[in-house]
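Next come the structures, one after another.
There are two complexes below, and they share subunit A, which is joined by subunit B in the first and by subunit C in the second.
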Partner chain A sequence: MVPVIEAKKLSHAYDKRNILKEVSLSLDRGDALALIGPNGSGKTTLLRLLDLLERPYSGRIYFNGDDVTRSGRRRLHARRRMALVHQKPIVFNMNVFNNVACGLKFRHVDRKIVHRKVERILELVDMSDYRNRDARMLSGGEMQRVAIARALVTRPEVLFLDEPTANLDPASVSKVEDILARIISRGKTAVLMTTHDMAQGQRVARKIGVLINGEILQIGSPGDIFFAPVSKRVAEFVGVENILPGTIVSKENDLAIVNINGVEVQVITDLAQSENVHVMIRPEDITFARTRDASSARNVFQGVINRIIPLGPLTRIEVDCGISLLGVVTTRSASEMELKTGSNLYASFKATAIHVIKRG
Partner chain B sequence: MKISARNVLKGKVKQVKAGSVNSEVIVKTDNGTEIVSIITKESAKNLKLAKGKTAYAVIKASNVMIMTD
Partner chain C sequence: MDDLWGAFVQAIHLIVSRDPDVMDIAWRSLWIAAASTAICVVVCLPLGSLIHFNRFRGKHLLLSLLQTLFSMPTVVVGLFVYIMVSHSGPLGMLNLVFTPTAMVIGQTILIIPMMLGLVISAFSGVDKAVMETATSLGANRLQAYTVNIKEAKFPMMTAVAMGFGRAISEVGASMIIGGNIVGYTMTLTTGINRYIQMGDLEQAFALGVILMFMALLINIAIYLLQKRRQYVWFPS
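Here is the complex of A and B:
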């Protein structure tokens, strides 16, 4: 199958400052990819290149297999088959119905068909009751839904969304996410969205790409990205909080011992002995106990509580066990166990819960 | 046992199936629910897990997924 849109080694620079470095990606019909990355990582620039609003400094863009990197005529043809929804919703000074209808009117579509298509799309974004309202008087979330409807009504083969929920309140965010999930599940459009909210990437798309400093560092399922990040930079961005540098000192089958600052941690890895590694332990995989009971967890360390940070239903516990470990427990557990700063505690985690990557 | 995990389920070991590194351990609770656990072979040996032995399956609340039909 020829991908609907494909980028090959796209690089771009503004004022000799590199914004994108050899970015490659491709989307088939029905694919949904969420690009996550911090502000300034090049997400918007990448969308503007793919939406053919700007030409890349180097690299190629293909639309249904046609090279649309340079040729003006081909770019125009391809651009008519794409749509971009901006971070800040844009609506025109007219009612909701006409806002959504405008792409069809520009294409001289018959009035009856316009009516039918617009009504159907308004239903999809739950805005049917707003059809006669002045679009400029809507809330931010409603405006964004109108903008999405306007983008969809021309049946684009690729839908780009640039931080579509960045300025919205939580209720509007989940409304827009629901609509995006609906669009994706119809499988007719390739959807490429950017977000700086990793959880949103996970909620909406089946595939996530991590873009940091203009480079795509990893593309994969949410499970891959969150539980098996390929590098320290990806791990830090997706919120892995215990990233500990160490060295594999022994190995038997796949069970290895990593020396971290004098503390020996048991892990499952296929990396070899004497390899320098980063050991990653997700805070939710750490369990705390007052006493040392017989347990299958390979790693049990005694430590002292450094800090207790309640965060609503969950509480973060920082324990110094020779290595500093951050764990998360329910606030209920923390209070039942009467955890206090300075008191002793056992932290335990399974060897299989640890993700190990090469360091250096 | 004072532990931060919210779910501590008592049962009896129904089966220990050893792999190359890990063992699959099935714990059956009194009401018949079976819980499957993957632990290292070493741990299964240390805990002397064998069919019929009383054991506790410990699951953190944050690791429980919920689905509906």
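Here is the complex of A and C:
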């Protein structure tokens, strides 16, 4: 099957500053990919290039197999089969109905059909009662829904969303996510969205891409991205806070022992002995106890609490066990265990909870 | 003072009784200015779109030039058009000198810079994202320009009103190009000039009152339009 949209080695620069570096990706109908990445990583630029609002500095874009990188007429034709919802959507100075009808009018759709389609889509986004309201007077969440309706009404084959919930309150966020989930479940549209909210990426999309500094460093399932990041940069971005450099000192089947700064940690890996590695442990995978016998994990270390940082219902603790480990406990259990800076503590984690990658 | 008051009363009488000469002059002024304004709109909307939405060398220079031409002396335009259409001029064979058509040409040239400047400034008051949003919704260039024009409709209408105001109140160009021929090219402004020279203050006053009344209407329109939307006077 030909992908509905495909980018091959897209590069772009503004004022000689590289924004995108040889980005390649492709989406089939029904795919949903969430691009996550820090601010300024090139997410918006990538969407604008793919929606054909701008021409890339180099690289190719294919829409249903057609090269639409340059030719003006083909670009308009392809653009009319895609839609982009901007991060801060602007609505036109007209009522909600006419705003939503815009795309259809540009395509010279018959007036009666316009009416029917707009009404149906307003219902989908739960805005039917607003049809005659001045769109400029709507709240942020309502405007976002109008913008999504305006994009959906043309039945795009590809839907791009740039941080669709960045400026919304929690209630509006879940409304927008519901709408997106419905569109994705229909399987007719390829959805590519950007977000800096990793959890949202996981809630809405089946695949996640990590875009950092203009490069896609990893594309995979949420599980892959969060638990098996391919590089230190990805790991840091997706919240793996314990990234420890070490060397594999022995190996038996899959079970290896990594020496980290004198401390020996047991891990599961297929990397070979004497390999230099990064050992990655998510803070949530470390359990803490006041006594040793509580844990069945292979790795149990005694340490001293260096720092306690309360974060509402959770508390972060930094424990020095020869290696410095960051973990979280619920604030309730922190007070039950009477955790204090300087007090002794056992940190434990399973060999399977550790992700190991090559270093250097 | 009594003379003045008498002239004023007479003038009102001429207007109220719809004196044929006065009405004829007023009507001619109105349609010549309206025709010039209409031509300007047809020229300035697309041209203004092209200038505003495209980057090119010398754009800033062009914008400053336009601003300078806002206050182009009417007699200079009159002289220029006169030279063009006079019998020995390059357009002499069209026999346009001392015709209303030539006056329309003159007024059009006179108000184009101002209207173009105001149209561009109206565009610059529109959020840049409008263009991009329209494009991403599938608009072609023309459709995207149209969306922008609609977004700026109040400042656009102000531009039209101000253009019309300058056209109908201008005297120098009409005088030189039209020749102030009674019943053919005499307008409100050139008429006032003529009647004063002839000592017919009532007639001059009547035309003046009509002109003031028109100016008042235009200003009310501009005021109402500007109240509807704040906009940038000119891009910096």
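The definition used in the following text is that the second predicted complex is superposed on the first by the 358 of 360 C-alpha atoms of A that agree within 3 Å, B and C clash if a C-alpha of one lies under 4 Å from a C-alpha of the other, contacts with A are read in each partner's own complex, and residues count from 1 in each chain.
Here, a residue touches a chain if its C-beta (ideal position, glycine included) is under 8 Å from a C-beta of that chain, and two chains touch if they have at least 3 such contacts.
This one's a predicted model, so the numbers in the text were calculated from it and none came from an experiment.
Student: Could you classify subunit B and subunit C on subunit A, in the superposed arrangement, as clash or fit?
Tutor: Overlaying the two complexes on subunit A (C-alpha atoms) leaves subunit C and subunit B fitting together cleanly.
Student: Taking CA centres after the superposition, what's the angle at subunit A between the directions to subunit B and subunit C, given in steps of 10 degrees?
Tutor: Apex at subunit A; the opening toward subunit B and subunit C is 160 degrees.
Student: According to the stated criteria, A:L255 is in contact with first (subunit B), second (subunit C), both, or neither; which is it?
Tutor: first
Student: Considering only touches as defined above, state whether A:R150 meets subunit B (first), subunit C (second), both or neither.
Tutor: second
Student: Which one hits more subunit A residues, subunit B or subunit C?
Tutor: Per-residue touch count on subunit A favours B.
Student: When the two structures are overlaid on chain A, which partner does A:A334 contact: first (subunit B), second (subunit C), both, or neither?
Tutor: Only subunit B; A:A334 stays clear of subunit C.
Student: Between subunit B (first) and subunit C (second), which, if any, makes contact with A:K350: first, second, both or neither?
Tutor: A:K350 sits against subunit B, while subunit C stays out of touch.
Student: Counting only touches as set out at the top, which of subunit B and subunit C does A:R107 meet: first, second, both, neither?
Tutor: Only subunit C is touched by A:R107; subunit B is not.
Student: Considering only touches as defined above, state whether A:A83 meets subunit B (first), subunit C (second), both or neither.
Tutor: Only subunit C is touched by A:A83; subunit B is not.
Student: Would you give the minimum C-alpha distance from subunit B to subunit C, in Å, for the three-chain superposition?
Tutor: Here the least C-alpha separation of subunit B and subunit C stands at 39 Å.
Student: Which residues, counting only subunit B, touch subunit A once they are in their complex?
Tutor: That would be residues 1-6, 20-22, 25, 37-40, 42-44, 46-47, 58, 60-63 of subunit B.
Student: Which positions of subunit C touch subunit A when the two form their complex?
Tutor: 127, 129-130, 132-140, 143, 147, 150-151, 153
Student: Contact residues on subunit A for subunit B in the complex?
Tutor: Residue positions touching the partner: 253-255, 266, 268, 284-285, 287-291, 293-298, 314, 327-330, 332-334, 337, 350-352.
Student: Along subunit A, where are the residues that touch subunit C in the complex?
Tutor: 51, 53, 76, 79-80, 83-84, 86, 88-90, 92-94, 102-103, 106-107, 150-151, 154
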